[in-house]
Each structure stands twice: as C-alpha cells, then as structure tokens.
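Each of the next two complexes has subunit A plus one other chain: subunit B in the first, subunit C in the second.
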Partner chain A sequence: MGMNNKEDLDAMIAKTPARIGVGRSGTRPKTDSWLKFRFDHAAAVDAVYGEVSDILLKRLDLFKVKTKADDKEVYLRRPDYGRKLSDEAKRVIDAKCIKAPTVQIIISDGLSAKAIEENVEDVYLSFKQSLAVAGLDTGTPFYIEKGRVAVMDDIGEILGPEVIVLLIGERPGLVSAESLSAYICYKPRLGTIEAERMVISNIHKGGIPPVEAGAHLGTVIQKILKYQASGMSLVKKEHEEEKREKLG
Partner chain B sequence: MNEQVERIISAGIDIGTSTTKLVISELSLRNVAGGGQVPKIEITDKEILYRSPIFRTPLVSETVIDIPAVQRMVESEYQKAGITIENIQTGAVIITGETATKQNAEEMVYRLSKAAGEFLVAAAGPDLEGIIAAKGSGAYQHSIKTRKTVANIDIGGGTANIAVYHSGMLCGTCTLHIGGRLVEWEGAKAKVAPSIGKWLKSIGRSPLNGEGAIIANEMAKVLSRFLAGSFTKEDELLLVGKEPSWTERIDVLMFSGGVSDCIYHEEREDESFRDIGMMLAASIKESEELAAWEWEQPVETVRATVLGAGAHTTEISGATIEVNDSHLPVRNIPVYRVDFHGGLDDVTAKMTQAVQEAITIYDALQEGLNFAFYLTNLPYQSFRDIHRLAVAFTEALKKKPNRQQPLIIVMDSDYGKALGQTILANQPDLPVICIDQTEVEHGDYLDIGRLLRTGVVPVVVKTLTFHS
Partner chain C sequence: MKLSTQYFGEIHQFKSLKEVLAKANEEKSGDRLAGIAADSVQERIAAKAVLSELTLADIRNYPLLSPEEDEVSRIIDGLINGTIYQSVKNWSVAELREYILSDETTGEDLKRLSRGLNSEMIAAAAKLMSNLDLIHAANKIEVLTKNNGTIGYKGTLASRLQPNHPTDNVDGMLASLKEGLSYGIGDALIGINPVDDSVESVKRLLHATQDVIQKWNIPTQNCVLAHVTTQMKAVQQGAPADMIFQSIAGTETANRSFGINVQLLEEANEIAKAYGTGTGPQHLYFETGQGSELSAEAHFGIDQVTLEARNYGFARYFDPYIVNTVVGFIGPEYLYNSKQVIRAGLEDHFMGKMHGLPMGVDICYTNHMKADQNDIEDLGVLLTAAGVNFIIATPMGDDCMLNYQSLSYHDIATLRQTMDKRPAPLYEAWLEKMGIMDNGKLTKLAGDPTIFNH
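Our next item is the complex of A and B:
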C-alpha cells in the first residue's frame, strides 16, 4: 500500500497501538519514533524495578508481607521463591486475617509496581462494591511484595477461603507498562494445577477500564461460587449443565 | 468465559406499498475476545433460514391495510419456516413507502408484534427505509470493503429511497417520488398517483398519450440530477421531505427494491403489474447520465429492505453491562444525549439540567414517558468519578415524575457495569438498564431486548440523524 491513501493508513493506525506507519529516515527510524521506543522501554524497566508506595497501601488499608524472594535480582532469577511466603509472612497472615472468608483479595506487585500504583485502587474499590451488591463477604486484604501468581496456594492453605482473587502487575510491554491482571482460583491449595486458575488481563487505562474490570470480577466470582469450580473445571461444569438443559 | 456460540432468531417483515415479504434469519453470537480477556460478544455470522414469497400487500381499501390478512400471512409463513413466535428474539417490522402513511399503520405494528414476536421493533419513515435497504442490498458493506462512497437507491412502488454510505458511515439520505406503480394502466385508461401530478404538469407530459416511456426517462434524469446534486426547482416537485443531506461525491451506484429486479434481471412478463415499473427499469438501465457512475450489483434486489430489517438492524451491547431483565424488552425509547466533553466538572448540575431538559422534550405532559440517556465523551473514569456520576444521576432523577420506570443509560465507552452497579449500590430498589459500547445519536429511538445467555442484550437503534 502506498502512502497516497492517507485515509486507509489512518484507519489502520486507529485500530492498533502498535507502531505502524511511523515512517523512516533512510534505514533508521525517525528521531520521534526512536525516542518514543526508548522511553517506553525505560518505562518497562522502571515498572519491574519499582516499588509500591506505603502511601497507597495505607490508603487502601493493606498490611505488607514478603515472599522468600528478598531481593529484586533474586526475585527475577528465582520465580519459585516468589511463589512461597516467607515464614514471617505466614505468621503475620495467620495472626491478622479473618479465616475462611468467601472471597480473599490479595494484591502483589509482580512484575509491575507501576500497574499497582496506577490501577489497583480503582479495580479494588469497584470489585469490593460489586461483592457488596452481591452480598458476598470478604476476608482481610493484604499486600505481598515480590509475589508470583502461585503464591495464592500458600494463602489458601493458611486462610481457607472459597475463592482467592490476586491483583498482580503484569510483565510490562512496550505498549503499556501499567497493565494489571486478576488471577482467580477456587479453593487454591498446595498442589493446585495451573488449569484451575483463571485470569482477567489487560486491565489498564488503555485496556479494560479498571472500574469496569472490578465490576465484572464480581460476576465472575458469583459464577465460580455457583459451580464451585474455576478454570478448566468451571468450563467443563458449565458445558455439562448446558447439555443437561438441552436434553431438558 | 463462554466460548460457545449462541444463536438467535431474527425476523424481518417489510410491508410496502405494493408488496409484503418476510425473512427469517439466524444470527450467531460469539465471544471474540481472547482467553483471559473480558468477554466481547459480536455477531459473527448471519444466515438466512427462510425467504417468503413476495405477496401483494393486502388492503381493505386504498388507504387501509388489511391487518387480519397480514397476521394470517405471517402466521402461515412462520409455520412454513418451521418456527414459532417464542423463537423470535429480535428483528424488525418495517412499514414502507406510502403504506407508512396509511391510517392504520400504527395499529398494524402493535397487532403484529403480538402475532409475530415479543421483540419485534417497528420502524417506518423514508430515511430509515433507505438506510435499512442499503444494509440489506450490501451497499453498506461494499462501502466498508472498498472505502468508496456508495449510494443505494431502493426503488419500490411509490418511492425511491436513497442512502449514501462512505466507509460504513452514513453520509445522508433522500427520498423521491419515483416508483414503479406511480402510473398504472388498465386497458387504455391510466391512473396517476397524486404525488407526481404537479411534476407531470410541469414537464407537460401525460401517460394517456402513450408517453409512459418518456415519463420514465424523465424520472431517470431527475434521479441522476439528485445523485449529482444538480437538481432543478422543477425536480424538487418529486422530493419527499428534505433535500439530499450528503455532501460527498458519489462513486458507486447500487439499485435495490422491486424495480431493480427488472434492472438487473431479464425482463419478465408479469400480468399483475401493468405499471410504469418496467419502463422505469429500462430507462435507468439505458440512462447516459446514470452510466457516468460505477455500478455495482446488489446482493439482494427486491428483498433488500426485508433482509435489512431482519438481519442487519440488530446490534449487540457490550458484554459487561448491568440490566434488570424483568424490565426488558423496552421499545421506542427516545435518546437524550449528554456530552461530557472529556470532563466531569459540575456533573451534578449537568445531570440535573439533562434530566429536566429530557423531561421537557420527551415527557412534556408529565405522563411518565421514559427516555434513555446517552453518555458520550466521558473522560477516563476512576472509581471516585464513577461514584460522583452515579450520585449525580440519582440526585437528578428525583425530578422524574415516574420513578418506578427503569433508568436507561447507554454509553459508547466501557463503563456500563461499573456505573450500573454503583447506582444500584446507592439505590438498590431502582430498576437500572445500563449498557455500554453502543453508539446512538440524540433523537434516535432505541429498542433493547432481553438478556441473552452470553450476557449481552440485542439493541436496535432507529437512526434519524446523520454522521457528517
């Protein structure tokens, strides 16, 4: 396609945040595009190495615990450490939290502290409201520093909730370094397989609006509680019910 | 979460000046979002299950539609198609051309929606007719595919309805008194529709002198002048309502409607239609002026409008919405547009004013007629913002005379569930219908169907205004 049809190009550019139609100067990108690329890359690195501020944790009334990864470099090299709570964390959680709630909400920086800083508050407040509207009780929420998704298994063991929702920063990309995911699992325990977990990803200002994601999460939780299953087990149970309905 | 396909049945019924037809189609809805994404439900396939024959519109007299006869026709066609009223989940009845002005049209629609299905919306009016025909003929799709400016000219018995699209955007419409049954012959006697009397006089022609072909030629010339935007004062005598509302230069012509069948297909000797239709088709086909444009074959000719009504009027809302299903379906809800211009300043004052103005416009006599709010250009919404907006709504609604009726909110952005839920959190007893990712315009009329299994609602927007 030639550059003579600007309307076509504009229509394509409007459809994607990818860097298309940015032009070039000789064999190199234009200065603007190059600077933008460097900027986005730097933002991604900052997101990984950043910290979630105590101010935010205080505002959301969250206490902080740590995983076995006590240093960022260790955290990056050893994903298994990020999946385990430190011994102290286990003690604190056991002492401070309501046991066996219907829904346990936890928050972790994961690979983007920026995602938490920018987007977690809106998801969290909207989600709590949707649970309240649905009449579902929640446990004591807290923040886990340097966590990975499967850290929820340790928490499942200690607190025994019906459902855990982990709001965690996603691996940053060049389109957004602030994207958040909600990982959800019905009764996670040590040995829970990954197929039992569900995720709603791409939650950020340029993706699924955080408040809308929070409101939607409430609906997902209701479904999980109805079928007493999450992930592939939930899909299977839904299919079975549909079949039964069809057979009448 | 739900990967499976949901299929809904849609009916289209077109009651025109001379003919009536019905189409049953099946729309497939599918979650097109990837795994791990909030669902996004779209219509991914449209299949026509049944096309009725073309019936002569049953009339009791010149101006009165024979409602029981139409009802019987619909019932028997449903039976032939193998469906029942309960199967119909969406669709439209469109009363077109002169029939729309016939005195019992309104009663007709009311009675038909009982006999034909719960969520069958009624649509009438020449602009809408042109738009629906352009969708059924494929002109709308062609404009998207080629990014060209395509004019669809739907010529029926009484009128030619023109709708112009560019890249899927409506540029404008225009309706002319050009049709296949405006002149009818019975032996040597000719009957001229009153709508073209003045024009015939002005060009000094009469169908009695064997001038039928000349009249048809003149009609084709008038049509080409309207398409080119070079119409004369005399031509305006054939104008129904307003002048053409598009400003773009037209690239492609597509013809649909009964007369188009004779343009694209071999001539057929049909005893029941002794009128100017064939001549008009021939004049259009041979017109030098019209040959200046590129021509494109439609996918449907005579059934374009009914297909448009049945398969192309339904849209699907966003998948994360908050609706009180017991208050659905709702029909013919006028839209009041609230433009936030990217800010939430003075939102309480703004909503209060919006509610008052909407009542003044749509419920002037305070009878409790409902309307919908269309929220557009909303800035990014934090939870605090959504809360402010919800409070502003509930405060402003205290002015509404009938507070039992549902609060209907539509928005183009993706905050339907969050806003609906926040309003419910503030006022649990208020019936809320809050849908998103749906575009409407001020003054449009809206129909919203019942909640589907995939968590979306079918929406039919009856557009009366244009994007320019």
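Our next item is the complex of A and C:
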C-alpha cells in the first residue's frame, strides 16, 4: 500500500466508527482487529448488567421507582414485566407528581445503565431549557429502574400528560455501549400502538451529541403539540396539511 | 381431530390444534414468555407425535385465526390452489415431512406442492424436522428473482451490503460501502437502515448509493429501509430507489402496529413499479423475524414458528425480490441463546423457501443474548449448506448504527471460498472486471476500499 493510498484510507476511516480498512489474511480478519472486536463485545455484555448510581439521580433531583422486573435475568426474559410499574411505583408516582403536565419526562436504564451515566444529564438539561424557552411546563420528572419503552403507557394512565418523553438506555453496541434513545408519544395510554411512538436514537458522543439532541427534542415536542399527534398519526396529519396547502 | 397420544403408559391430551402446534416447537424463550410452551421435554415430543398424525385438512379446517377476522389469514387462504390442496389434504403431517425429504421429490415438486399448502401446514412440517432435515430440504429449492440482477442460482451465495452509519453521514456510509464492494459484497442489495426516517434523509441516501452504482456500473440494486410510507414519498419525489422495503408480521393486528396493511403494500408495489429505478419484475423487500407478533401483543396465543410461517404466506402474495428473517435481532426474551437462534434461522429459511420465497437471513445477535460471533459463524455455515439466497454483511460484523452484530464482509468471502459458492453471475463478472475476484477467489486488490475513490 503506497503512501497516498494510506492517507486516502485514513481519511475514509475517519468518517465512520465502522470497522473498515482492517485488511485481511486470506479471507479472514487480521488478529488485532479480531481481538479488538472480541474485547468490545465483552465490554458491551458487561454494560447490560450495570446500574445507575444514586449520586446521579440525586444531582438531577430524580426519585426512583421500579417496574415489575425485580432482577436482571427476569428483566431480560420478561419484557412484559419491564412495561408495568410495580404497585409501589404507582402509589409513589401518584403521590409525588404534578398531574396533567404538558410534558412528562421520565428516565430509565433500559439495557444500558452506562448510557444514562454518560449522556442523560446533558440531554435532560438542554431539553428542559428548550421547553422553558417555549413556555411549556414539565411536571415532575423521575427515574424508573429496569423499564421498557411501553412503561410510558402506565404513566400516561396515572398522570395524564399531553406528551411523554422517555430517555432510555439502548441495547449496547460494540462502537458504543452508552447510546441513549428518546421515545416520544402523544397521550400514551394502555393500548397505545407502537406506530404512535417516535424515537430519536443514537444519542451519545459518537452519534447525535447529547446537548444537540436535547434541543432537537424541544422542537419535536412543539410539532407534536401543534398537530396533537405523534408517530404515524403525525406523518398522516402533516401529509394532509401539505395536500391542503397545495390545493389552497 | 385426534388430540391425544400415549407414551410409556402416560396419556398426553391437548385441547386444541393451537396448543399442539405451540408445544411441538423446539424450546424458545418467546413461547415461554407467551405462556404456551410445552411444560416438559416429554410433553414436547408428545405434541410432535400428535401433530404428526393430524391431516392437512385438519389444519385447514381448524384455522388458528379465521380469514373472517384476520387479513393475513385471508391472504394466505386465498392463495391456496384448490386442485393441489385436494390431492394432498388427506396426508398426515408426517407424510408431508417424508414427501418433502424423499429422494424422489425435487425442488420443483416442492414449489408446486407449496401452492396447495397454507403457512400453518408448512410450519407443522418444520416442527417435525431436525436441523439437518431443514437444511437438506431447503437446499432442494432454487428460487430465482430479479430486480436489476438475478439472484438465487444454485451454487451462488449473494449478500446484502449494509453500510449503516450512526448519523446517516453520507461520506461515512460511502466508506463502509466501498469497503464492502472491495470484498465482493452487495450482489443482492446495497441496503441502508437510516437513523432519521424523514423523506429528505432517505432521498439523500438513495441518491448517494445510486451515484456509486452508476459511476462504477455495478449490477446491483439499492434501498433505504425507512418506513414504507417514507420511501413511497421519496420515490414519488424522484429519488432513485430500485425497490421498496417494509418489515412485516404474521397477523393483521401486528401489521397494523407497524403502520401497514395489504392495501398500503400493494400501493407501495405500484409506486415502486411506476417510479422506482429497478427493472423488475420484483420490486419489494420484506424483513421478518420470530417474536415480532408477541412483541406487538398481537399473537393471539399462536406460537412464534407458526406466526413466522404466516409472514411468508403474507409475503408471497406480493411477489417480493428478497425476504429475510433478522434472526437473533429481537433479543433473549424470544430467542434466548445460540441454540435457539440457530434453530430459528434454519426454520425460517426452510419455511420461507417452502413458500417459494427468495429467502435470505440476517444472521445476528444482540449483546444481551447468550451468543457470540462464533455461534453466528456456525449458523452461516449451516445456512450456506442449506442454499440460502443471501446473507447480510456489515464491516467486521459490527453494525455501528443498529448496535448488534451480524456476519462480516470477511465472513461472506470466507463462506464462498470455503463452501465453493460464487456471487450472483452478473456481479461476479463485474468483480472480475474490477480486478477484485478471479476464478471465485479474492485477488490481492480485494479489501482495499480506496480503489473506489478515484
């Protein structure tokens, strides 16, 4: 490989976290890139079993509740338990939270406690700021341990917010074991279908920067409130409006 | 319908066909999650024994989900060829299995038989089959489809190049794309999963991939796997897509949770034909995977193997260019470990081929499953032996956007060279012209993505 070629290759490698320019021995990967892959997989497996520290929750002033999944293996095998709040959680939320806010923010470790530890603070603070600028009230945010996305339906039933935003750890990948997703839904209730939820995923240092994601979330929320819809219903309503504008 | 059997003096009694089908499955965490799995290994085998004696007519006459209440059932039942069905309806499921495996029965025979079967019958046969049965039977069936190039020929192994990027950055995506091309990947498809499901983002990625295809005259096809409605808009606005993609499921309710129905997919097919850049005749791409119906809480107490078969019954109505199961992506609550993923991969591939579909597999796992790269390399070998039409490949097996591991560019090249398979013919000719492949082997030039920079 000539010098120009190497510069060329390095420029390509710099454009993506994907494992490219790794070369080969026969048709197989080189030993160092193979072992790096194995090492990153090992780190990702370990991230699944981590926990969010009380220090972070205290700093963000979040109280903690649990789902019906009381142990990690149960959580992994039984997502239905992670979608349901424990009875205790329901009581605590009902007692502590402001009812019927415009925007309810919740945070959960999901499949990567590391995603919360590394990214949630920046997203959360910039998101709250963008909502404040827009003059939207945010109720009482809290943390749910071992939650799944649809746990927001249970919360929608108790608190009746216009919109719920759930910041949750994604299942870890090899490039990043700390990627965060923001799931958004207009009036989630028991029986809400998945196509009504929206997601901004890949929030981490190497993906969508957390501060930027927080600001972007604010914009998305305003659109959802304007159309009173999220997910596929939002696409449909936007489409109808486009048609009307064209005709008009 | 006889729903009981006796073994070692113990009587096993089942209440319904639905229960027999569920309990006859090999162990899957998804069936346990649904609360429908066999309680013991002996009960599982008893269910298989009961199932083996039921007739195909029993299966048709006792629908798990009636055509009146479910659109997918309507599509599947509507496609049954009455003449062929009449000729086999008195077969037991055991006879069906043995017919499929018989040396007298060719792949063409199976494709003909398939037109008289519904998806539940095909699933029933799969439940009686061992892993090697599934490999041997699937390998008989050659399914050819064409968009720009034809794939599926015996002796070939095609691949989907999946150059995803965590922010849809075009240069980053292109870097992975070029790396893949340099390993001979991408004859089935260059297909990107976008992070941003907006029309603008989809258009950008379609243009970027089509530019590379045009510049280097690559005999392949492109697709951006956003929601079907987003792609329809992008294509109507002039973005160059060779086909339109959608994830599908095995019940109408589950499809609704994906925001789709029959009418929408028919519309998508028409739009792909009218506006898409692919030659055809096939213009659609579907992905499936065991467990999606339960995940959408739309499984109606039916087991995940039977529901997966219904995906294929639904898919074949639309005559797709490619279909693949994303086996192992869904997580440990449906497929707990490598043993379950390997079994599911072989079942899905067999059941898809038995429906006459151009079946590929995304052989993969997530980081919260009990599986690793060695396990999916094993499944890659098994599926190549089974004659899989195409396999999905990512750089070093690591998808840096979807956060899961699949097979790698290296793996496809290795499977081809180890198991004496070639890329799709037009694509191989192109690789030879580019100096990347020579007589089925990678050349010295292969593996250097910079050859596509100038």
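General remarks:
The rule is simple: the second predicted complex is superposed on the first by the 228 of 248 C-alpha atoms of A that agree within 3 Å, B and C clash if a C-alpha of one lies under 4 Å from a C-alpha of the other, contacts with A are read in each partner's own complex, and residues count from 1 in each chain.
The rule we apply is simple: a contact is a pair of C-beta atoms (placed from the backbone, for glycine too) under 8 Å apart; a residue touches a chain by one contact, two chains touch by 3 or more.
Source: prediction; values computed, not measured.
Under the clash rule set out above, the superposition-derived model of subunit A with subunit B and subunit C contains a clash between the two partners.
When the shared chain is aligned, no partner comes close enough to touch A:S53: not subunit B, not subunit C. In the overlay built on the shared chain, the residue A:S33 is in contact with subunit C alone; subunit B does not reach it.
Judged by the touch definition given at the top, the superposed model places A:P17 against subunit C, while subunit B stays out of reach. With both structures placed on the common chain, the touch criterion links A:L125 to subunit B but leaves subunit C unconnected. In the superposition on chain A, A:D8 contacts both subunit B and subunit C.
Between subunit B and subunit C, C touches the greater number of residues of subunit A. When the shared chain is aligned, no partner comes close enough to touch A:Q228: not subunit B, not subunit C.
In the superposition on chain A, contact is made by A:L111 with subunit C only, not with subunit B. Comparing which residues of subunit A touch subunit B with which touch subunit C, the overlap comprises 8, 201-202, 208, 235.
Touching subunit A in their complex are the following residues of subunit B: 1-4, 36-38, 147, 167, 320, 322, 380-383, 386, 413-418, 420-422, 424-425, 428, 436, 455.
Contact residues on subunit C toward subunit A in their complex (touch as defined above): 29, 32-33, 163-167, 169, 171-176, 178-179, 183, 195, 227, 229-230, 256-259, 295-296, 331-333, 336, 366-368, 372-373, 394-405, 408, 410, 413-414, 417, 442, 446-450, 453. Interface residues of subunit A, counted against subunit C in their complex, comprise 1, 5, 8-9, 12-13, 15-24, 26-29, 33, 37-38, 40-41, 44-45, 47-48, 76-80, 111, 170-177, 179, 193-195, 201-202, 206-208, 231-232, 235.
Note for the complex: subunit A touches subunit B at residues 7-8, 11, 121-122, 125-126, 129-130, 132-133, 181, 198-202, 205, 208-216, 218-220, 223, 234-235, 238-239, 242.
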